Amino acid sequence: MNFEYSKKDENFRIEVREWLRETLPHYLSEKVKKYQRLTKEDYELFMNNLSKKGWLAWHWPVEYGGTGWNAIEKHIFEEEIVKASAPRIVPFGVNMLGPVLIEFGSEEQKNYYLPRILNNEDWWAQGYSEPGAGSDLASLKTTAIDKGDHYLVNGQKTWTTLGHHADMIFCLVKTDLNVKPQLGISFLLIDMKSPGVEVKPIITLDGEHEVNEVWFTDVKVPKKNLVGKENEGWTYAKYLLTFERTGIAGVPNSKSALNHLKMVSRKSMKNGKPLIDDPIFSSEVAELEIDLLAMEIFNLRTVSAATEGKAPGMESSLLKIKGTLVRQKTTELLRKALGPQALPYLPEQFDEGWNEMPIGPEYAGPIAKQYFNMRKISIYGGSNEIQKNIVAKASFGL
Amino acid sequence: MNFEYSKKDENFRIEVREWLRETLPHYLSEKVKKYQRLTKEDYELFMNNLSKKGWLAWHWPVEYGGTGWNAIEKHIFEEEIVKASAPRIVPFGVNMLGPVLIEFGSEEQKNYYLPRILNNEDWWAQGYSEPGAGSDLASLKTTAIDKGDHYLVNGQKTWTTLGHHADMIFCLVKTDLNVKPQLGISFLLIDMKSPGVEVKPIITLDGEHEVNEVWFTDVKVPKKNLVGKENEGWTYAKYLLTFERTGIAGVPNSKSALNHLKMVSRKSMKNGKPLIDDPIFSSEVAELEIDLLAMEIFNLRTVSAATEGKAPGMESSLLKIKGTLVRQKTTELLRKALGPQALPYLPEQFDEGWNEMPIGPEYAGPIAKQYFNMRKISIYGGSNEIQKNIVAKASFGL
Amino acid sequence: MDFSLSEERKMLQETVARFFENNYKDIKKRGEYLKMTDGFSREFWKESSNLGVISGLVSPAFGGLGGSGEDICIIFELIGKSLCIEPFLSSGLLSNTILSSLNNPKTDLINQIIEGKLLMSFAHMEMNNRYEDHFVETKAKLEKETWKLNGSKSFVINGDSADKVIISARIEGKVNDKNGIGLFLVDNNNINNRPYNTIDGYRSTEMSFENINGELLCKDDQALECVIKTNSAGALALSAEAVGIMQICFDLTLDYLKTRKQFGKSIGTFQSIQHRMVDMMLEIEQVRSAVMLASSTFELNSTTRDKNVSAAKNLVGRVGKLIAEESIQLHGGIAMTWEYSVAHYAKRLIMIDHLMGDADYHRDRFKLLSSI
Amino acid sequence: MDFSLSEERKMLQETVARFFENNYKDIKKRGEYLKMTDGFSREFWKESSNLGVISGLVSPAFGGLGGSGEDICIIFELIGKSLCIEPFLSSGLLSNTILSSLNNPKTDLINQIIEGKLLMSFAHMEMNNRYEDHFVETKAKLEKETWKLNGSKSFVINGDSADKVIISARIEGKVNDKNGIGLFLVDNNNINNRPYNTIDGYRSTEMSFENINGELLCKDDQALECVIKTNSAGALALSAEAVGIMQICFDLTLDYLKTRKQFGKSIGTFQSIQHRMVDMMLEIEQVRSAVMLASSTFELNSTTRDKNVSAAKNLVGRVGKLIAEESIQLHGGIAMTWEYSVAHYAKRLIMIDHLMGDADYHRDRFKLLSSI
């Protein structure tokens, strides 16, 4: 056993870090650090840079314009992006749709869409969840009726992240209503400018607009926009959901959040002493750090196995569960660290260019908001309960 | 609202306390305090005293020789018994069978058995659990075949507490094998001296012999030993299980254990200072004390409602769950408090008259043993999981 | 021993419950109130006064109709259930507690508050004060028989709309000294206010002031005991509020579990979910019990009072987190939306742990008071 | 980066695994060994030596065949799986670690241990020492060029059967001083032993001695560093042992859940049980990961070594409790019996937290070493 990165890996890390230092604008990393709202342009700037560098499609095989990186390299890349406080890479086109098209798309679809994704020309959204179907995708209600040369789509998608920026959306739709729930689903690409598509914002509990409802009323979708075979969308959906995700545990994010927590608890005072000197608070921080340390190794074990071609199975689910718990615990301790300073909530503080005096220390502003926002990570992408069901089914032979 | 005991209640408490002080031998309370093994005679001495005083059948109505106490008085009685370090009252005859006979027994059974219970003449055991039926009593396998004037009993009971002392056992047996599990069960009184009855000790994980297997091989049981009607034993069993139990949360025991914990953590040293000065350890003790304080009120609320004739429903289950958690947490902290002193295990230390030097402080001896022993309380009497099922079914309308 | 409410209190409970239900029937109404100038509805406040809800927080000795620990808890549990954002805590409870605890109680002001004519607030917290009763940096000095105050106060609940403010200020000693604190009555016109909303939808303000006049209400031991008692009253009220919120969170979750279907069954039929609901139910009963104890002993000696309040508030902090997080998790996505009420209940429940001492603070105070 | 074992180590693993399985195939066999004079089987120990298991704990530099953090963990994980009670910890690891860490390593003694001819034990703990490395009351004084030892030692694992004992004793300073400690080699014949079994079925002893001769092995900084290193080695080994035990507990529980029926279904089909099994599985993977980290960095500088060992041992303490308690609870009654093996695994798992520093001790040490 040897947990050290190879010289080659270390060089790769330096390359990524240097590139980020050179190309990521200071104002943008500052916005990310301060949890300010990112504009469409902010995301696009970063993704265009990646595209120019040839690093946008970091999960793709080389022959399609991807990087061909192994799992360790991907892991390093993800770590450095978070460390540099870069915006997150909007994953819907490049990380989610891309691999599905590469595996199941027609030549025409590949030739048309893949270069556009590589060049960051379309903003893609994901149309999986529906109001009645959260983690249970089999009970979809959105229908696509065969009308000869096109489908007529009716229904509603929800939790569409950044859908208000999107040019295109890939959707799971019902094309056969007379079969068992998991059959009769197809995978459709829909132009957001089509007549009958309507995007309605969902304001989340932290007062922010990031997710949306997308409504379809008699939307015509050309047949060439069907991916793979009709009624086999469930297979593609599952492929996408289980697609190797080295970052599922969110180790880099939790590491960065833990460092932030340590900074905050050194500055927060309790009875005239830094909070970090409080034996109980520091013990909570220490055990969280130990959990994270263990999870980092668990994650690397899984990543490392993936480089040897072993597909992560229930490990992905376990890492998703632990990853969300650790991340949420970090936001909880941050909130606790602030004491009463967690109360004030100035929505305008998260706008670019806001330069009033904050209330209390500047770091305090986003913390309670982040705590509530982070409740979502154990719900979306297959809730932790669903992950447990998956592990039980796959591993226990029950 | 008023949480104070009435003057009348306080006087009653003094009466019980005085009586215990006068009648409970010092050697016996010392044995209890030191967790030494109690002999059959130890239990009987205390129960005979209670019998003479007219307090043994403390749950029974006055007309049957009971005390007629209300729930508050019963609660006080239970508290004082624990505080005085008296042996526990073996509950099988007086608390379990007694109420069932009073409600469902024949006149002949009442006239014969109730006085014998009142006078502590028979040692009763409980024959509910079977190897294949723990919390799920409906799947019993012990059979009683109708042979005209008697039943022929075959099968095996398990977890029979103190069954090696018993003269009599009340059993649930199958009298009809052709109906749904919960039907076809009868409630039978069996003489332990009958040919074909065999008691085999079960040694528990702490090395102690308290529970037993009881085997029945072609045991003849006279028909007059059937309680109530044939095949309706399930009703009586449920009656017994839900019979008003003021003590289900074990508040007095946990209070006494908490005091013990405080004593031990004042004497245990960490880095040259009493462990109780360690902020983390003392915080665990404090939060446990708060939980117990809340549970005591929760318990009193339930007890108090019972005096007004409101039968405790899901409260019993909730109190059972919380009561076991609090008690187990106390034993856990006791174990933790000892550090390495928890390791030595001298079985002979729990024999009467043992007077060698203990290893480490005298209080250390029983603590690890008790921690392991107390794992049972969340398993028996309907495991905590079963209690949760009961609450969910009864209260959620799901 | 008696765990039931007296007939009068049952009536109070029913009246207030009906009143809140009619005026806070949904979370949108609350949102509208919140957007008003003061962060609450003056009209609702006036009606609360007419109905005697405010006077329910004040002892008959000072013209009220209640004021015991039990009364406070009855009203605040209902405040919790309706997520009411009116200044019951600042004016109704904290200010009245101080005004009535003085050697010469300010009965005139109390009566004006009860009548809904006067709003007041208690400005004790400071930016560097983490819940401590005696941590006061704000300075008071006597100039020609007039007390002059200098400094700033933080997180003053409904401080912006208050007509008068009670300010804790240090007459002498160091920031952390137990002695040397005074309480002063100040006209809010003289204070520089920076109002804002809190994450859970309440109005608060940062106050700063230079050389403003203050009327000395009490000082030293009396002032400290007054702050302690007031903060304990606040912690008790918030604990009762939390009980109300927890109950609503539980009920909303159970309702949702019954109606929401997944994999062809209502979610509530899944055993793992049921067991978590039982855990929630059990812990809510525990909190309810602790709050009952604290409320019924609130008039006893200060050690018993503060010890039992701390037990309740500590448990509220621990269980509140469980209930808030589980309510959101068991709902799933819908609980993450602004539109659905459970998020607002959960936010308030969590933030209650950041007011009047969090679980850690009260655990440590409990430790001290029960000599662990 | 490489998380797999080398071929040599895989072979070691397989050989040792097969050996343990053949000799510890059921819990009754262990019970028989335990009842022997020494609390273990001399025959088994001799075979362990022949097979090279003991030398697997010693570096080739001192005549062994392993001795790295990884080797230690491979062997102790298997010891955990078989619940082996042989003196691998006392003789095999702790004594050898000290003997090989000296400026003049005692290679002759090491070789005798490897060959199964010599048993040794490390007597460091005392009745009032709660895991601290430098807490030593036992006294050593130089009389006419001979070191004389006075005092008592507690919880000396397999101390009764040891031929020689290494005793930590204070040459100067106060009980809690970091300096002034010496390690001494003593003949066990001179020591008064009071042997007993521990609750988890291991042999331990209380030692007392008056004015006995000791050979000074090292003192001051070197002695302290030696104690720290030895205790870290022990904590690492126990952590690996715990991983093996947890895996068995999990497997036994899963097996039981599959076969045991209740309400007409196997218990394992109940969702609430499944979710708890997933929690267990996840936490075991966490512990396994932490132990892998600690084992692979055990040869690095002492800060890294001790920090990662403490992380692992802290997690072992926390997760061990979960696994032990859940294994018993999910089994139900049968786990409460002596006859069924899970109780013995659970007992050992819990008591591992009482050896070589508990979860609290190692959390505090982790805090210190990672400057939290």
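Order of writing sets the labels: A, B, C and D. Residues in every chain begin at 1.
Criterion: a residue touches a chain if its C-beta (ideal position, glycine included) is under 8 Å from a C-beta of that chain, and two chains touch if they have at least 3 such contacts.
In this text, all values refer to a predicted model and were calculated from it rather than measured experimentally.
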Max Cα-centre separation from chain C goes to chain D
Of B-D and A-B, the pair with more C-beta contacts is B-D
Centre-to-centre distance between chain B and chain A (centres being mean Cα positions), rounded to whole Å | 53
With chain centres taken as the means of their Cα atoms, state the distance from chain A to chain C in Å.
-> 38
Residues of chain B engaged with two or more neighbouring chains = 280, 283, 385, 388
Any chance you could list the residues of chain C touching two or more other chains?
-> 270-272, 274-275
As the complex stands, chain A meets chain C at residues 129, 132, 134-136, 138-139, 158-159, 202-207, 268-272, 280-281, 332, 335-336, 338-346, 359-360, 368-369, 371-372, 375-376, 378-380, 383-385, 388
What residues on chain D touch chain C, complex-wise?
-> 270-272, 274-275
Provide the residue numbers of chain C that touch chain A in the complex, in ascending order.
-> 125, 127-132, 135, 154-155, 175-176, 194, 196-200, 204, 206, 261-264, 270, 272-273, 321, 325, 328-329, 332-333, 335-339, 343-344, 346-347, 350-351, 353-355, 358, 360
Over in the complex, which chain D residues touch chain A? Could you list them?
-> 1-5, 70, 254, 257-258, 266, 268-269, 271, 274-275, 277-279, 281-282, 285-290, 292-293, 295-297, 308, 311, 314-315, 318, 363-364, 366-367, 370, 372
Given the complex with chain B, which residues does chain A contribute to the contact?
-> 279-280, 283
